[in-house]
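Two complexes, one shared chain (chain A), two partners (chain B, chain C).
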Partner chain A sequence: MNEVKNKFISHHIGSLLKEIFGSGTGIITFIGAAILIFFVILAIFAPQIAPYDPTVRVSRSLKPPSDEFIFGTDNLGRDVLSRVIYGARIALTIAFIAVLIAAAIGIPLGLISGYIGGILDRIITLIMDAIYSFPGLILAIAIAAVLGPGILNIAISIAVVYAPTYYRVIRNQVASIKDELYVEAARAIGARNIVILLRYILPNVLPSVVVVLSMNLADAIMTEAGLSFLGLGIAPPTPDWGFDLSNGQRFVLSKAWWGLLYPGLAIITVVLGFSMFSEGVNEYLNPTIKEKR
Partner chain B sequence: MSLKNYILTRILLAVPMIIILLAFIFLILRIIPGDPVLAMLGGKAPKEVIEQKRHELGLDKPLPIQFFDYFFGLFKGDFGKSTLTGRPVLDELKERFPATVELTLFAFVIAVLIGIFGGTEAAKRKDKLPDVLARFFAIFMYAIPIFWFGLMLQLLFGVMLRWLPVAGRISPAIQFEPITGLYIIDSLLRGNWKAFVDVVKHLIMPGTALGLVISSIFLRMVRNNMVLVLSKDFVKAAIARGIENKSVLYRHALKNALVPIMTVMGMQLALLLAGAVLTETTFSWPGLGSYLVLKIRYRDFPAIQGAVVFFAIIVVVISIFVDIINAIVDPRVRY
Partner chain C sequence: MKELIRVENLKKHFPLKRSLIEAITRIPPRLVKAVDGVSFTIKNGETLGLVGESGSGKTTTGRLILRLIEPTNGRILFEDKEITSLKNEALRKMRKDMQIIFQDPMAALNPYMKIGEAVRHPLKIHGIGSSKKEQLDTVYNMLEKVNLTPPRNFYNRYPKELSGGQRQRVVIARALITNPRFVVADEALAMLDVSVRSQLLQLLLDLKNEFNLTYLFITHDLATTKYICDRIIVMYLGKIVEIGSFDDIYRSPAHPYTKALISAVPEPDPKIQKSKKKLIPQGEVPNPINPPSGCRFHPRCPYSIKNLCSVEEPVMKEISDNHFVACHLFD
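Take a look at the complex of A and B:
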């Protein structure tokens, strides 16, 4: 999520990486998984790994990197390394919750809309298209501004932006398989609609849901970083990469490059990790949703 | 379908889109936890004052009525009043818009130039060094948060090398009366050379940061489309006729490759005009994006709503234009 592109970052990066590595998707997936596992471990074991408490002053302000503080200290004298490690918690938590909520909104609507069709389908599609066409970050900002800070609130703001993606994928797939023979057979033996939807149709669209989920994570990370950079994330002093960069201009003016460099590198690495991993998932599940832009 | 009919249909189709977007924005900003009036007046205001304010703002009416009031207000150019400044939101937006336009156009030109030339070169030498470099460039630009990129540029060019200013549109020391609000044009119209240099200096860093990040999208699209077009028969025929390489590339192939890309470029322009929020915040650029962030900080909900609605209108209007231009260039588009 940079302003301009907060949808399908993974997809773009993934296809580029595939060009570079040729057909060797295995290695991309492996590196991606390694990066992700690394950051998940950082997030879970942050109290054990981080050398200092990320929220308290441990030294004088803006100390350059040294043996004592490998990544230096920030403007409030807090250890940058510890803040980067703890920052993985917020970033990953919000990203995961956000994509799950997006899926929880998009999937049921997609199922119903695709299966029932008709005027209801038209209306839901129109609404979803309207949301989809709107600049994602602005939408997330507006919702976050209303809901206020907090992990769940930020996750919801991000989820609303991405729900239409799930909706589109599911709706189109359901619309195309609801006339398949096995669905008709189920209907012929008297299965109720709800049973047909959940037992016959849902399992067939789940693989593409997994692909979209995994691709969506990088987007969610970017959007979260952007929101918290704007001060719409979780409340300070909780460590958060985007929020730590919102102090940026102070670091710039005092030439404290270490305060900028490391949170930014963390965001970039995680985005790349998710992109690589999702490219592997994409390949493995071999979905029918290839034609994204 | 004739062009005229197409344009008419396209405009009519945009109407439900606009209504839905407006309703959506309206609803979102009405689910504010707590009361907008309380937020405005503070928790300790007496009950009568609160009631009176509610009545003044029309908040005691049923929700659908409120929406219709707001909707028809928009038609009359009434975007509501800022609770922070008490001024009409539309006036404030109009003041801010030129800054966003200037930044956007600068960034857009950079992005298009890099996209077209870089993409064409990469396609010409497919899988060779330029193509590989272009890929790494694009990956980097996709994975990078723009505010971080902007801050790093500020650190390098603003503070360490001291080449460019790190924030704002113009130095406060420079006396200068704007005409159109686009400072580059204004400074030239006034013949104020010093102001012109200052304005350009302020524009270079945010414009380039934004332009580079968007260029990756264009670069990839141009490259992929060019690879496709270069394998077509008419290109081979042109080469066989002995037409110069450069001419084949830039006149015959590019023209065909650009048609599908134009839509994406147009939409990108719309998204940018809807406030490059992060770039503007990073560089303290006084445009629409930083306006939105400022108003959010003060919980000025009428202004937030006005700004978001303004963005929605920009996006829809530009997308109509893009489709129409597309229909003129490529008659197959007209349904």
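Take a look at the complex of A and C:
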């Protein structure tokens, strides 16, 4: 479990926060949850909250922040605030879809591999380890470049990167749980293998899936932003934090700092929120961590 | 009495993991001979005790009979039907008639399954009971029989909300819900408090009479067998050393190992306890990877005969009616 966690940048952020705040994990979780709820609301009610259409020119270009345009306008005269609000939609949608796909690939494979073992287990483990050993963003870039732009394609390329983490956690837990007495008891009452897997083993591994899932979301958002920063994400003019970030940095030299700052802040805040939240969930579901302190 | 189970020359050898060099040079893996050729029968309606120290192979024997692990060699017959070669589906169907009560009630229940569901699951698996209501009634009935009352209240609880004794009652209920013919009780009472133990012993006896059960009662504690067992098998290092009725074993034990076990049972009367001859075997149970030659008990046996016990393996002999022993002292 721990070796898998180290793959997630969000886990490192979470541990760092915990060191800073000491025993105030409750507060961390609360702040994290608050940030997440805030962004989810932004994403859902973007048309109501955003003052302007994010894809339309509403003013002259590169206007600094003012009462009319709180975050200023970008090089094409679009409202940065509206783009940041709408950007939450894309970021969260892709992150959720990616995580669901990753879990949908990793969990069943992990269950089968851990339960059956043998040659099949070795083959799947080999493939998964090969994927796992790649640096995440590089692999995502390669896949995204092949698949081309589009929400689902981006989600798939992110999902492939994170599926092995689910696989590893599930496989290792199943391999140890299948020797538990209650699994033998299930066999003794005549349960089929599929019933044993779904009713006796799966419920016992789900708590760790939740932990991986919450850390995964933060990293998926970062990877998505990274991809669109490099121009492999959603096609413009759809508002996207990563794309706006790369677009904005071109005009920093002409003193237009707002085009870079606000999308960047949005990414940082969401990732921080997910990290805090996942660290809290982790602690809640894993009482042994608490005792160590 | 008709025999329900017949075990013939049953063996279970667990291979040890080979080192890299051994694997390359193709040296066959060393074996732990957990059960090494045991034969016995269990009659319909009787309670057969299986006693021995830890490591004697009694638990493995129980699991082998239920086909929870694959035997290396030998045959198991259930009502004259060979079950050793049964495959998946046929084996699964047969499990309705053979059940097991595990030693550790804390580990034998799925922590994420309500205990009512756990008890009902065998009914679902074997398609017993036509409707959900009928199954629920059966479950409520069974929970009541094992004294988990009110059953409706217990149905929706999770294992962690129950005490050890209550959980063992759940395990017993789950084992008996399909109305099995044969039940293996694998140290079923060993982990419980003494007070709870006697209650559950009584419960097992009551249920046996009610459902006409046949028990294989595995225990390391000879004192418990007194209350429940008709016949007793004594095992040592994967072999049977003595088989006899309860009285044979308890009043006139023949094998030195059985004598040692009996002498270790405490007597409530201090006078008898003091005058009792203590017979404590020397040393530890030897390693089953490399069991002693000849009679496996000879290194620890105070009566061992030179040049015989360490060389020749004793065979089973009937020394009185239905009392068998494997020892050179009775040649």
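Basically, the second predicted complex is superposed on the first by the 277 of 293 C-alpha atoms of A that agree within 3 Å, B and C clash if a C-alpha of one lies under 4 Å from a C-alpha of the other, contacts with A are read in each partner's own complex, and residues count from 1 in each chain.
Keep in mind that, in the parts below, a residue touches a chain if its C-beta (ideal position, glycine included) is under 8 Å from a C-beta of that chain, and two chains touch if they have at least 3 such contacts.
Values in this document were obtained by computation on a predicted structure and should not be read as measured data.
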Query raised in the report: Here chain A is shared; do chain B and chain C fit on it together or clash?
Result: fit
Query raised in the report: Is A:Val271 contacted by the first partner chain B, the second partner chain C, both or neither?
Result: first
Query - Which partner reaches more residues of chain A (counting touched residues only), chain B or chain C - result: B
Requested in this report: Could you look at A:Val252 and tell me whether it touches chain B, chain C, both or neither (first, second, both, neither)?
Outcome: first
Report task. May I ask you to decide whether A:Pro203 touches chain B, chain C, both, or neither, giving the answer as first, second, both or neither? Result -> second
Query raised in the report: So after the superposition, what angle do chain B and chain C open up at chain A's Cα centre, nearest 10 degrees?
Result: 100
Query raised in the report: Which of the two partners, first being chain B and second being chain C, lies in contact with A:Leu181: first, second, both, or neither?
Result: second
Query raised in the report: Which of the two partners, first being chain B and second being chain C, lies in contact with A:Leu230: first, second, both, or neither?
Result: first
Requested in this report: Classify the contacts of A:Phe134 with the two partner chains as first (chain B alone), second (chain C alone), both, or neither.
Outcome: first
Report task. Check whether A:Ile189 is in contact with chain B, with chain C, with both or with neither, and answer first, second, both or neither. Result -> second
Report summary line: In whole Å, chain B and chain C in the superposition are separated at their closest C-alpha atoms by 11
Query raised in the report: Looking at chain A, which of its residues have contacts with both chain B and chain C?
Result: none
Report summary line: As the complex stands, chain B meets chain A at residues 16-17, 20-21, 24-25, 28-29, 31-33, 132, 135-136, 138-139, 142-148, 151-152, 154-155, 158-160, 166-167, 210, 213-214, 217, 220, 264, 268, 271-272, 274-279, 281-282, 284, 289, 292-293, 296-297, 299, 304, 308, 311-312, 315-316, 319
Report task. Could you pull out which chain A residues touch chain B in their complex? Result -> 1-5, 9, 12-13, 16-17, 19-20, 126-127, 129-131, 133-135, 137-138, 141-143, 145-148, 222, 225-226, 229-232, 242, 245, 248-249, 251-253, 255, 257, 260-261, 263-264, 267-268, 271-272, 275, 293
Report task. In the complex, go through chain A and note every residue touching chain C. Result -> 180-182, 184-192, 195, 199-200, 203-204
Query raised in the report: Quick one: in the complex, what on chain C touches chain A?
Result: 66, 68, 92-96, 99-100, 102, 104, 107-113, 121-122, 125-126, 171, 174, 178
